[in-house]
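What follows is a pair of complexes built around subunit A, which joins subunit B in one and subunit C in the other.
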Partner chain A sequence: MTGTPAIEGPDEAETLAGVESEAERARGKGPSSPGREPPERARSMWSDAWHDLRRNPVFLIAGLLIAFLVLISVWPGLIASRDPLSCRLGRSLDASSAGHWFGFDTQGCDVYTRVVYGARTSVTVGVCATLGVAVLGSVLGGLAGFFGGVWDAVLSRLTDIFFGIPMILGGLVFLSMTGSRSVWTVVAFIVLLGWPQVARIARGSVITAKQNDYVLAARALGAGNARMMTRHILPNAIAPVIVTATIALGTYIALEATLSFLGVGLQPPTVSWGADISAASQGMQFRNAPHILLYPAAALSLTVLAFIMLGDAVRDALDPKLR
Partner chain B sequence: MSEESQRTEQTERREPILEVRDLVKHFPLTQGVLFKRQVGAVKAVDGISFDLYPGETLGIVGESGCGKSTVAKLLMNLEAPTSGTIRYKGEDITKLSGRALKAVRRNIQMVFQDPYTSLNPRMTVGDIIGEPFDIHPEVAPKGDRRRKVQELLDVVGLNPEYVNRYPHQFSGGQRQRIGIARGLALRPEIIVADEPVSALDVSVQAQVVNLMERLQDEFGLSYMFIAHDLSIVRHISDRVGVMYLGKMAEIGSDEEIYEHPTHPYTQALLSAVPVPDPEAEGRRERIVLEGDVPSPANPPSGCRFRTRCWKAEARCAEEVPLLAIPTPFEKAESGVAHPSACHFAEERAAVVAA
Partner chain C sequence: MGRYVVRRLLQMVPVFIGTTFLIFVMVYAVGDPVNAMFGDRAPDPATAAQLRAEFNLDKPLWQQYGLYMGKIFSGDFGNAFNGQPVTELMATAFPLTIRLTLVAVVIEIIVGLVLGVLTGLRRGRPVDSGVLMLTLVVISVPTFVTGTVFQYLLGVRWGLIAPAVSPAAPLGQLLLPGLVLALVSLAYVTRLTRTSIAENSRADYVRTAVAKGLPRRRVTVRHLLRNSLIPVVTFLGTDVGTLMAGALVTERIFNIHGVGFQLWQGIVRQNSPTVVGFVTVLVIVFLLANLLVDLLYAVLDPRIRYV
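So, the complex of A and B:
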């Protein structure tokens, strides 16, 4: 016989196997027998993440702020009873008063009402742009990562080209060419320039997931591409995409405000914090009436902060490696 | 050993279930980013032939990088061979695709090396073992699947109530059992096991190997058992093939390989196995090979092993030794009469003693 460090004899090994399976059975019986501990709750990545998030104060604060923002962007009437577009020049730049807490802007519109109604624009742009970027980016990046080859090479060079276009410069060029701009024009622009960021993350993440043995195992079983992508790769590759998208949401809101500030974003009558900040800074009006700049700017900062905090918390919970 | 040699004789009379002939896999080496041009090839598997008979276990041993795992992937149709054929019951499966390939996959399944990456962490054990039935719905009617999955868990020695758990709630040995259950789900005839116990600790290795032996008897499986642990391969295998740098160096029954090795590489491998008796360990002669395994991108001419072989002569560099029973042993009665790819094949007493 040659040396047999692993198996001294079949008998001993059998006994060992017997002991283990007995022990396993004994342990396994625990949950089912009456009066014992309840069945162990199966914990997936998502339930683990949720468990972490519920205990994270950053997530709770951000979550409350965002819940409030979403609420007032759906029903602004809940906390603002006036019309943001009813403006009287006679009240231009009036300071705050009992019925008008934030005072009036240059056009004589109620700043408080406009700040409340501006939330809808920001949240819509942020959420829709993020959804668009995440879907387009992860589909294109994911397919490139999954199939590789020529499509991957083409997509990678394409993302490089898009990365070379600065968002602000791109906005000035693209958006100034459009005649009238709605919320959807701005969303489309952000999706157009934003998808490569997510595509890159999704591509890398899919390539990592693709190399796992369980994907090979699925292929060995005869699984088709669709099954491998949806059952095996997507659930294991989506976390970094969600993290990137959540953090990007805040920056897209800031980007919309920046574009509106530069005059290539949203136009009246759309109520937008960026446009209001832009109007307030015209002709140094805010020196005499700081409230017309302060309140929309504060609302914008708070919103961006809330979404970025949410993104940070989600990242910590879902993907500690990215920290 | 007499019982085992009987078993070998029985298997040899039967038709092989898998015939591999001149299997070659070269991975191209390319240069350039946009315009890729091939500058060479890693000759991972370079002309391998063997048969697998129903109900037998063929062990494949060899160093890291000798092409063992590539052979497994080729058999599983996870890689397309550069040339050569793999016949399953007479049908060449290397050219199959679509429905025909899917049908063949039912009969050849794989157990992977690393139980930590071979199970999808986002799926429950029930979903993992039940997935083969989703892919091949004809095997089990929908209402019957849960019961089948629980049966499989029971067969591999796990509690059937574990169906709703996730892989991370199990130990390495238990995970490997889950992997085996998944491999068994479609009732395949052949299981390709690529280092199924290398990632497990020694006591668990024994359990998994014994489980695999029990399942082989129960379901009449043929195993292709790839490993680098010579002792485990001897324990489970009926026949053993020794690979070196993409080629088969020697192949024969476990007794022929372990008791009567004639290829110098096999002798060197066997002499490296420690002997549990300190006195014998002190007395025995170890063959220490010099140098490293050459790069498979640029293998030596003639015999692949000649650069590290103490017997190498000019002939070895010019003439590729064929895998055949060496001429001096053709009429031999003992175990030396088995295929060995060496010009100077001979028995070596010191190794046999170990």
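So, the complex of A and C:
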């Protein structure tokens, strides 16, 4: 296992990117269909990808949705004028009315306001966890792939160990042991268990990039490790990491909501869609007031969908094999 | 092949030790099982010390871990909060969860493969784009959302099924929880099969099979599908982890007293033997599933040979 050059092991198929790369690997490296030749005018992979993205309706829809989500996460007051924490039990489970479009939940809080403020939590967790995972994973995985040897062996075993713990299972065990949990506890947990996924990808793509002729040429010309890494390997190895991270963003948002639903995620006063859905399904309170379940559920699903669509579009644009 | 199996089993050992140790440290280093036993009251120091000695809690962590693992391999998982051996809990919980997971896997394979073959053979047509978009939506909706919404719609609103599963959990009642559990993986199976089929349908051996006059159906099932199954099988193996995690959620929603339920009880009551015991078994299942996939590879693709 240590001797194989490429990242192997089936457990990397946990994300969309992983799944697709699995399929590609299975196709074999045989006579690959050349596809359309790239245009003569030399265009960098990035401007090429951007060119494709701008014409992809999936990307445009996802981009608009995400722009809106980010906007209301930063300024929720733009579309919600109330306080998500001001609740009156007298209005418990009241149906929607003028000014309170989504009705009230069990505690008598305005569901619309809570749905709007929930976006901030989800986006914060998703973006911060993804950044943490991407940075930590690509640094550790990249260094292991670049230097090889003992570093690499240790890191590979470490990723194997972390892959043995499914995220939700780990969350149940780890997070339940911590007393009070904020957004940052959840982010830290996701980074702790999530980095090996990116590390594997980064390691594999650095090993592939390292064997390229231009990298060997740079080495022959006397480039140092730092220059090789930043100027030659990084630009050519970062694309798979970006794809994995983008798709992971959506799944991390779903993970936070799932953990909150299970009662080991975010706690009040933090407004979380997952916690609200959990409250709605406690003792099936949604039986007579479906609005307390359906609105947060719709908001959560739409948010995850937007980020997964974005990841899908970015993958299509950055992976030339699929063109 | 035999040597390969042995080597893979040996490689599993450090991973198993690492994973279980990580969980052991988390449970025992962060929580205090003795204090938890007494609830809100402060324990009598002498009793607490006696209990600590009895459960080896006064020894260094690595020694505790060694003693615990020694016990586990002799079949002693300790006692749950009510004094019942953890192994007894497992004996009632695991069959339920396994049944639920099997229902999910069967749904996932049948529906996923059928959809995947249909769309893979019609790449770029409306059916294909429609199903592809649908899978994206299905992947995006978290399991607990589909679970609660289905429970509301089918169980409460339309009254088609019982909203909660009875303790005996007959197969009929597990169909909906199984479907909920299967949905996300089903979407992945569909996508994988589609990509794989679309790629292989242009292969030489398919053209040969068609040219020698085999019926379309036989070409698809015996030649094309069989060769396209390899990535799907890999996925199913790694999916065991996702399904286990999903089962925790699904069991919670539909009130199934399986592994998820027991694990949850252990966590709420801070009963470390239950938590560590169940998680250890789950980790073993996960590692074995991965090994099985690697071996299946060789069976499905004779070009892969292990030495």
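Everything below uses one rule, namely that the second predicted complex is superposed on the first by the 277 of 323 C-alpha atoms of A that agree within 3 Å, B and C clash if a C-alpha of one lies under 4 Å from a C-alpha of the other, contacts with A are read in each partner's own complex, and residues count from 1 in each chain.
To be clear about the criterion, contacts are C-beta pairs under 8 Å (C-beta built on N, C-alpha and C of every residue); 3 or more make two chains touch, one makes a residue touch a chain.
These numbers were taken from a predicted model, which means no experiment stands behind them.
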{"item": "Subunit B versus subunit C as contact partner of A:Asn212, first or second or both or neither", "value": "first"}
{"item": "Contacts of A:Ala153 with subunit B and subunit C, given as first, second, both or neither", "value": "first"}
{"item": "Partner, of subunit C and subunit B, that touches more residues belonging to subunit A", "value": "C"}
{"item": "Subunit B versus subunit C as contact partner of A:Pro235, first or second or both or neither", "value": "first"}
{"item": "Partner chain(s) touched by A:Ala220 [first = subunit B, second = subunit C, both, neither]", "value": "first"}
{"item": "Touched partner set for A:Arg55, first subunit B, second subunit C, both or neither", "value": "neither"}
{"item": "Touching both subunit C and subunit B, counted on subunit A across the two superposed complexes", "value": "10, 12-14, 16, 20, 25, 27"}
{"item": "In the complex with subunit A, residue positions of subunit C that touch it", "value": "11, 14-16, 18-19, 22-23, 26-27, 30-31, 136-137, 139-145, 148-149, 151-152, 156-157, 163, 188, 191-192, 195-196, 199, 202, 230-231, 234-235, 237-238, 241-242, 244-246, 248-249, 252-253, 263-264, 267-268, 275, 279, 282-283, 286-287, 290, 293-294"}
{"item": "Touching residues on subunit B, where the partner in the complex is subunit A", "value": "34, 73, 76-78, 101-102, 105-106, 109-110, 112-114, 117-124, 131-132, 134-136, 157-159, 161-162, 164-166, 169, 173-174, 179, 182, 186, 202-207, 209-211, 229-232, 234-235, 258, 270, 273-276, 354"}
{"item": "Of subunit A, residues touching subunit C in the complex", "value": "1, 9-14, 16, 19-20, 22-23, 25-27, 33, 157-158, 160-162, 164-170, 172-174, 176-178, 250, 254, 257-258, 261-262, 264, 274, 277, 280-281, 284, 286-287, 290, 293-294, 297, 300-301, 304-305, 308-309, 312"}
{"item": "Residues on subunit A engaged by subunit B in the complex (per definition of touch)", "value": "2-7, 10, 12-14, 16-17, 20-21, 24-25, 27-29, 31-32, 39-40, 42-45, 153, 212-214, 216-223, 227, 231-232, 235-236"}
